[in-house]
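Dumping the structure here so I can ask a few things about it.
Chain IDs A, B, C, D and E follow the sequence of writing; residue 1 opens each chain.
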Amino acid sequence: MFDNVWLIPLFPLIGFLINGLFGKKIKNEAVIGGIGTLMIFFSFLVSCGILMQMIGLPPEQRVFEKVVFPWIHCGNFKADMAFLVDPLSCVMIMVVTGVGSLIHLYSIGYMHGEEGFYRFFAYLNLFCMSMLLLVLGSNMLVMFIGWEGVGLCSYLLIGYYFHKKSAGDAAKKAFVMNRVGDFGFLIGLFTLYWWFGSNHNIWTINFTEIKAASHLLPYGGVVTVATLCFFVGATGKSAQIPLFTWLPDAMEGPTPVSALIHAATMVTAGVYMIGRMSFVFIKSPETMMVIAVVGAATAIFAATIGTAQNDIKRVLAYSTVSQLGYMFLAMGVGAFTAGIFHLMTHAFFKACLFLGSGSVIHSMHHALHKIHSHDDAQDMRNMGGLRKAMPITFITFLVSTIAISGIPGFSGFFSKDEILWMSFSNAYHGNLNIVLWGIGAAAALLTAFYMFRLVFMTFFGECRIKPEAKSYLHESPLVITIPLMVLGVLAAVGGYLGMPKIFGMLPNYFEHWLEPVFELATEYGSKYAQHGAHPSHTLEWGLMGLSVVIALVGIATAFTMYVKNTELPGKFVATFPALHRAVYNKWYVDELYDFLFVNPCKALGQFLWKGFDIVIVDGVVNGVANVVMGISGIFRYMQSGYIYNYAFSMALGVVVMLGYYIFK
Amino acid sequence: MDMISIPVVNMTPILPEIVLSVLAMALLLINVFAPGGQKSFLAYISFIGIIVAAVLVGTGWGNHIESFSGSVVLDNFATFFKVTFLVAAGLAVLISDQYMEREGCNHGELYPLILFTVVGMMLMASGTDLMTIFLGLEVMSVSLYVLAGFNRANRKSNEAGLKYFLLGSFSTGFLLYGMALIYGATGTTRLYKIAVIVGQMTLPSANIMLVAGMLLMMTGFAFKIAAAPFHMWTPDVYEGAPTPMTAFMSAGPKAAGFAALLRLFLVALPTLQVEWSQVLWVLAVLTMTVGNITALRQDNIKRILAYSSIAHAGYALVGFAAGNGTGTSGILFYMLSYAFMNIGAFAIVILVAKKGETNGNVMDFAGLGFKRPVLAVVMTIFLFSLAGVPPAAGFIGKFYLFAGAVQKGYIWLAVIGVLNSAASAYYYLRIMVYMYMKEPTEEFEWVHVTAPVALALIIAVAGTVIPGIVPSFILQYAQMAVKLL
Amino acid sequence: MSNVLSLTTFLPILGVLLLLFIPKDSKGVLRNVTLAVTVVTFLVSLIILTGFQANAEFQFAENVPWIAAGPFIMRYNIAVDGISLWLVILTTFIMPIAVLSTYTAVEEKVKEYMICLLLLETGMLGAFISLDLFLFYIFWEVMLIPMYFMIGIWGGKNKIYAAVKFFIYTMVGSLLMLVALIFLYFKGMEAGITDFGLLNFFSLKLDMATQIWLFLAFAFAFAIKVPMFPLHTWLPDAHTEAPTAGSVILAAVLLKMGTYGYVRFAIPLFPDAAHKFAPLIATLAVIGIIYAALVAMVQEDVKKLVAYSSVAHLGFVMLGVFAFNVEGITGGMLQMLNHGISTGALFLIVGFIYERRHTRLITDFGGLSKQMPIFATIFMIVTFSSVGLPGTNGFVGEFLILLGAFESQLRWWTIVATSGVILSAVYMLWVFQRVMFGELDNPKNQKLLDLNAREIAIMVPLLVMIFFMGLYPKPFIDKMDPAIKKLVAQVRVAPVNAQTMPVEAVSQKMPAGYQENGMPPGHPGMETPSASQAAPAVNPHDAK
Amino acid sequence: METLFFLIISFVAIVSAILVITCKNPINSALALIMTFFCLATYYVMLDAPFMAAVQVMVYAGAIMVLMVFTIMLLNIRVDSSKKHSHKLVFGSIIGFFTVLNSIIVIVKGRAALPTGPYSGEMIQKFGHTELIGREMFTNFLLPFEVTSILLLVAIVGAVILAKKKI
Amino acid sequence: MENLNSYLIMSAILFAIGTIGVLTRKNVIVIFMCVEMMLNAANLSFVAFSRHLGNMDGQIFVFFIMTVAAAEAAVGLALIIAFYNNKESIDVDDVSIMKW
């Protein structure tokens, strides 16, 4: 089965080619959607096979590399088109293909009747292929293909409604921001490659080889440089501070895209990458701290913005940013397993949330369309009380919301709580751990708040849609609800895979599974970890309880503000108008970037072109020509036509020549 | 004292000259009895005569015969230049008829005068005595004064003749004064003897009389080759003279000037090479720069070509300043190819121009490229060759000239030279711009290309392109020609 | 067929002779014959490709006496090696496409146009295969002439200015190179070299001062052609004014002359000077990358934008070449090919819309995707190829360049250059968005036709190459690798940096594991030239 | 005595030369030039070259100057018309001054070759100047002599072509 | 016989005066006369040198120069006449339609 790993990305590629090249001719939506969905489902099957095979192997043999064909061999540099199968990539392919299949299925219903139906499925398949390359790549360069490939697909899918200017802008923004990250990725790659090569004559970018040689890496220094660069790459892809602004804008794409790319898979690539190279990252305490701090900051920062958004998808988007922050926080405190675990659970519940919101929007859109209203189908202020009209959507949505809020028993609780606990108890960052935990907890509070705000505004209370449209609101078709239900279930129970040891009920399968992957990282980390008094179980229980309380407080607040006392938010806004405006406008980060980078770049470009290129560079060139022409004019008019002038010139020539030799 | 016994002389060295002189005189006679108006056959006869002379010249290759007690010599150097003169004259003869007919001054005396000019030039190239060279120069010049003013009904032609004459005789004054000083300083007018005497001097460069004589002589020849600052007659005379004569003047006399100057400096004054190199260095730079830069702002095509001709003298002077085998053989090659390309270019100018030379501006070339593509392509070849773009003879020539300078260590001279070439590209391109990239301003008149002109064009194109692609044989001849100096 | 190289080179000339006999009104025949000639040339060049052995030798050599006069001996000395092979193939590959691209665009003076194209092809091929410096120079200059006419006759509004600028700019540089070439010859003569054969001069040991001057002269000529900042201003003009085929050829092949010149001539002939000037040239290259990207960003004319993007791309090539290691130079070579394909394709694309709308202003377009989906797809693929998306050709070259440069002493330059990756995405996507996305609000655009079969046929080979080279560059790299290795070995005579030794020594001497806690020996700022690549010594520790 | 004579002649020569370039009327200039030529002829006599003196008088003063005067008369030219270019005189004088200066320095500092030839004053007296000239001309300088004939032919043809009323 | 240098200086002065004349006079014929004066100055040098050196070459040269002068005079005056026929002037300022 391992040998067939190349089939996993191949199937979506085939799907992409069929739909991309012939989709326009096929026209039949069922066929197109069927091909797209089946292809990714086949991949899922192969992934399952691989997973099964891997489970059957002893942990130390759970690594397999498959070279498909040689790619770039040049000098010392060698990069093959090769795939790496290990527990980590297994988790990822399962998530990608699994969630991917569901979302494909969902899209058949959701995208029904769209003009570029075939285009959508082609892109979606292409995305899956890229994502699979990313997670399966056995060297940094294959990973980078996927890395950029998902960026491309994200670009294509965000710009799916290309006739909308905002979609085009968002797509471009996404790609460019990702490119900023790629810049970091490349520099990191170069640094690592060069350091190993020039110092140890190991010229490699292969993960396994780097892993084998990772003991040669120093702590800090060059590793810090390299990992920080990689981390820049991760921030771009995973929408962390400072490169997060593209993700909310990316909601311009169709909702399944948001679910698949901007929640479940692509945006987690940064986390995956850090996990993949944990043995390098861990060697730089500085980087780890930066990751943790950035992660925590992003978590709280995005959460604050999430509290004030009215667009249903935007709330989810900021929530995603915030949750990604959690994952980075986990990575930063060395809790790689927890990070990956949260990645997985997040994929479940966030995909479910997005799909659910898609279902709502779909229904809203349909209803509004029927009454020819131009109201925004995504604005929560137009919704309310939808739970009756859309029960399945409501239930799955609620389950996922509970999961994300960290209510015990649901998947989010296990992963999130582990992160919080690890950030508190980690031994890497000294006294910073309290702060990290505090921020994490605060973010959890906000998460619970805005997520329930979302639920309350959407599904509870008065129905604020125009009354005549009300009758058109109805539950979505099965093709949409089935994925919702599957994901809802996963969101609910997925967490039991990685139940913390402290519960003592189930073994932490997830941790055991990933142990061979992060073993080395833990070993390296222990070199500089400050082994203080080991935090007691009591403390762990206490903190767990505290986080549950926090979640409940958040839910309660939301309930108060949006169900019981609906005028409270208005009052709040009236009391702190500046704060609200700042939060509502996403802390003006976009404007800041425009001010700092975009506008200066354009202005500089204008200046360089009009001011430098044309005036100075070309001016010098033309200036030389003009000077020569001017001299030409002078010479020309010296040719006066008078014989005596000519004779004078001759005589002068003679006199000067003679004079030179006589008086020299 | 006994009777003067006329010495027995070997006539071989001046056989071509004799043939041409006799032919010229015969033509003068034939002209008198020629049927009225029909002068074309004179051109054919002259052309045949020139070919015969060329054959005679060719048979002299490889010889080294001194004759007339050292007044004249037949050697490869002279032979090479004689071929160049004959090429120039042959082409000029071919392109004259149509033009002269159109301008209404088709006097039969034209051809004898051209032939006499050639005789004068040949004497300059083969003369080894200051007197021979001087007389050759004068035969050439006097003929040219007449040829420049040949179209006597035309004011421009009058003026050209007059200017050329006055300035020419002015320069002759300097030349003679220089010769006098050389004579005084060395006691002889025979070049070989001068060489011996100068060679015996302890420090010839300290003898200011010798150096001054050299400089003054250089002045005289610099005038003929149109080197700055003795070039100022060139544009005016070239513009005013009948176009075929301009073509001839730009190729023949320039080559003759170089021939004489080369022989003088390399045979008689090689010991002063440091001095004359220095001067030629400066002259070369001045000439190239003035010629090229002034040409940039010209509109009259004959003036453009005149300034270009000045510039080309400058390039040749670069090789001369180097004074080594590479540079001097480059001059020989260059002069020969220049004869082809420049006369070719003037031939096109003749064809495009209308009666009274009213069509002499670059603007009048507008649209030529597609109305008369063959003429335009031919012109383009000449222009590229003049600009020194490979694979044309002009490039190879320039290459050897600049290579000579580099070999001698005059790298900056070569650099100035190439920069000048680049600047020159502008005005050559300008003509092409009009030919190909502008629409004609007025209706294009169909120009009839007569057989002789067509023949001339074919020869000129062949002479421009073939040496550009396979220059080896001509270059080897040029090398041999300068080796014996 | 021992003289297949000559055959390839001069086939187009035969084509010219053929064209001369075709009346100028039968435009279709003229076009088809030209196309046939270029296709045949391409097919013949495939013989070279298939017969080429992947080793460092010059192959298909022909060497016959040509000029011998005075101190000079020039020979008709031609051959290909791994470096020139691909450029030859690129040329022959691009030519049919260029011809095909003008089937409808050029309606006037077709005969002359086709003759220009064919002459140009011979000139370009000749320059790539010449091993005789003089012969190279001849072809180098010959190329100018047809290109000059193509811009000047079939160009746009400002064609004359552009054509003359192009010609004189290039000529200034190349003439200085000519002087250097002569000087080099005489230097060689002192050392017993008897002809202009390039390979003779490689063994020539020149002193530093001489090398510097000669290198500067060569570098100047090539820098104009590349074009490197700040000598690039002829390019936007030439590109904007040239007809589509002209732009395609200019971008795809002519610009490569400059970079090829560096690889083939300037660097191996004067390695010490090249090393000395590497920082300067890298600086200019990097400035070019950033500068051109910024300027491209604000262009209003699509073609000008693509022209500026060329400047940026070739900046990458220069950076790679001056890394002086296998990765960098291979990357540079690949990038030359990639740029030929991608930018060529971009110019074709610009040509397509220009033919339809007779405008190239970005503001005149918008929302074309709706009307022209095939066009949009192709445009997008090419855009991403130009941006250097992995999987397309653009990536492989760019990556290797940056990798190679990073390994070399040009580390800091590389970091700046890498940011060009971001900028290229910005301007390319921006133009793509403004042209293809958005509302289709201009009524003139609403009736645009999508690409026709001919146009698709033009683009398909390019698209195939875009992906082929991106996904499987091995055949390309394999064929050029030995030649590049040889070149690198040849160039690596640079003065050994004193700092290199300790690094090696330290890593060898220190007991394993000790280093893990110490500071890294290879601090990013430190000079650690890639010279250590050559050292086969493997730390026993690494074997694990 | 001879020195005095030389000085007087020189004075006359210079004065007449200056007159040539200052007289407004070309006829006067021509007459002054003839005077200069006579002075030169006198010098030739002093330099033991009586034949040259004779030729000088015949060719220059006689033929050429007559031709010129004739032309002046023919064209009926009077005085120099305008005075537009007064700066010419300044430039001309400067050039002239430097020419004189340069030439004199050349003459004074330069070294003429030592007398080598057989033709001393006594020999010329003995054989006669004319004969010696003739001997040289028909032996050593035969070719130039012959060439002069062509030159004169060219001049004749040219003059006819250019000046004849009707050809 | 006087000192060689006296004659040479005399020659130089005449030559210079001739040059000045060419540069300053307007009448074409007078200019030509000045040229003749320059030639004569050269002649004087030749004869003086010839006498000093004791060989006849210089004098022979002078002989040829005179011939040349005659020939030039013929052609030159013919040119002047031809010019006059067209322009009715022999003012050198009028010999300037071609310039620049």
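As a working rule, a contact is a pair of C-beta atoms (placed from the backbone, for glycine too) under 8 Å apart; a residue touches a chain by one contact, two chains touch by 3 or more.
Computed from a prediction, not measured in an experiment: that's the story for all the values here.
*Asks:* Going only through chains that touch each other, how many steps at minimum separate subunit A from subunit B?
*Replies:* Graph distance in the chain contact network comes out at 1.
*Asks:* Mind listing the chains that sit against subunit B and also against subunit D?
*Replies:* Chains in contact with subunit B as well as subunit D: A, E.
*Asks:* Among all chains, whose Cα centre is located farthest from the one for subunit A?
*Replies:* D
*Asks:* Tell me which of A-E and A-C has more C-beta pairs in contact.
*Replies:* Top pair by contacting C-beta pairs is A-C.
*Asks:* Return the distance between the CA-based centres of subunit D and subunit E, expressed in whole Å.
*Replies:* Subunit D and subunit E have C-alpha centres separated by 7 Å.
*Asks:* Centroid from C-alpha atoms only, then distance subunit A to subunit D, rounded to Å. What do you get?
*Replies:* Going by mean C-alpha positions, subunit A sits 102 Å from subunit D.
*Asks:* With chain centres taken as the means of their Cα atoms, state the distance from subunit B to subunit C in Å.
*Replies:* Centre separation, subunit B to subunit C: 44 Å.
*Asks:* Using CA atom averages as chain centres, what separation in Å is found between subunit C and subunit D?
*Replies:* Roughly 71 Å, centre to centre.
*Asks:* Residues touching two or more other chains, restricted to subunit B: which are they?
*Replies:* In subunit B, the residues touching two or more other chains are 131, 135, 138, 142, 145-146, 149, 152, 161, 163, 166, 170, 174, 181, 184, 187, 208, 212, 235-236, 423.
*Asks:* Touching two or more other chains, which residues of subunit E qualify?
*Replies:* 8, 11, 15, 18-19, 22-25, 31-32, 43, 48-50, 52-53, 55, 57, 60, 64, 68, 71-72, 75, 78-80, 82, 93, 95-99
*Asks:* Return the residues of subunit D touching two or more other chains; collapse runs of consecutive numbers into ranges.
*Replies:* 85, 88, 91-92, 95, 99, 102-103, 105-107, 109, 112-113, 116-117, 140-141, 144, 148, 151, 154-155, 158, 160-162
*Asks:* What is the complete set of touching chain pairs?
*Replies:* Every pair of chains in contact is listed here: A-B, A-C, A-D, A-E, B-C, B-D, B-E, D-E.
*Asks:* Across the complex, what residues on subunit D touch subunit E?
*Replies:* The touching residues are 2-3, 6, 10, 13-14, 17-18, 20-21, 26, 29-30, 33, 36-37, 40, 43-44, 46-49, 51-52, 55-56, 59-60, 63-64, 67-68, 71-72, 74-75, 77, 80-82, 84-85, 88-89, 91-93, 95-97, 99-100, 103-104, 106-108, 112-113, 115-121, 132-133, 136-137, 140-141, 144-145, 148, 151-152, 154-156, 158-163.
*Asks:* Which positions of subunit B touch subunit E when the two form their complex?
*Replies:* Its residues touching subunit E are 130-131, 134-135, 138, 142, 145-146, 149, 152-156, 158-163, 165-166, 169-170, 172-174, 176-177, 179-181, 183-184, 187-189, 235-236, 239-240.
*Asks:* Which bits of subunit A are touching subunit D when the two form their complex?
*Replies:* 642, 644, 648, 651-652, 654-655, 658-659, 662
*Asks:* What part of subunit B is in contact with subunit A in the complex they form?
*Replies:* Within the complex, subunit B contacts subunit A at residues 163, 166-167, 170-171, 174, 208, 211-212, 215-216, 218-219, 222-223, 228-230, 232-233, 235-236, 275, 279, 290, 293-298, 423.
*Asks:* Touching residues of subunit E toward subunit B in the complex: what are they?
*Replies:* Per the stated touch rule, the residues are 8, 11, 15, 18-19, 22, 28, 31-32, 35, 38-39, 41-43, 45-46, 48-50, 52-53, 55, 57-58, 60-61, 64-65, 68, 71-72, 75-76, 78-80, 82-83, 85-87, 95-99.
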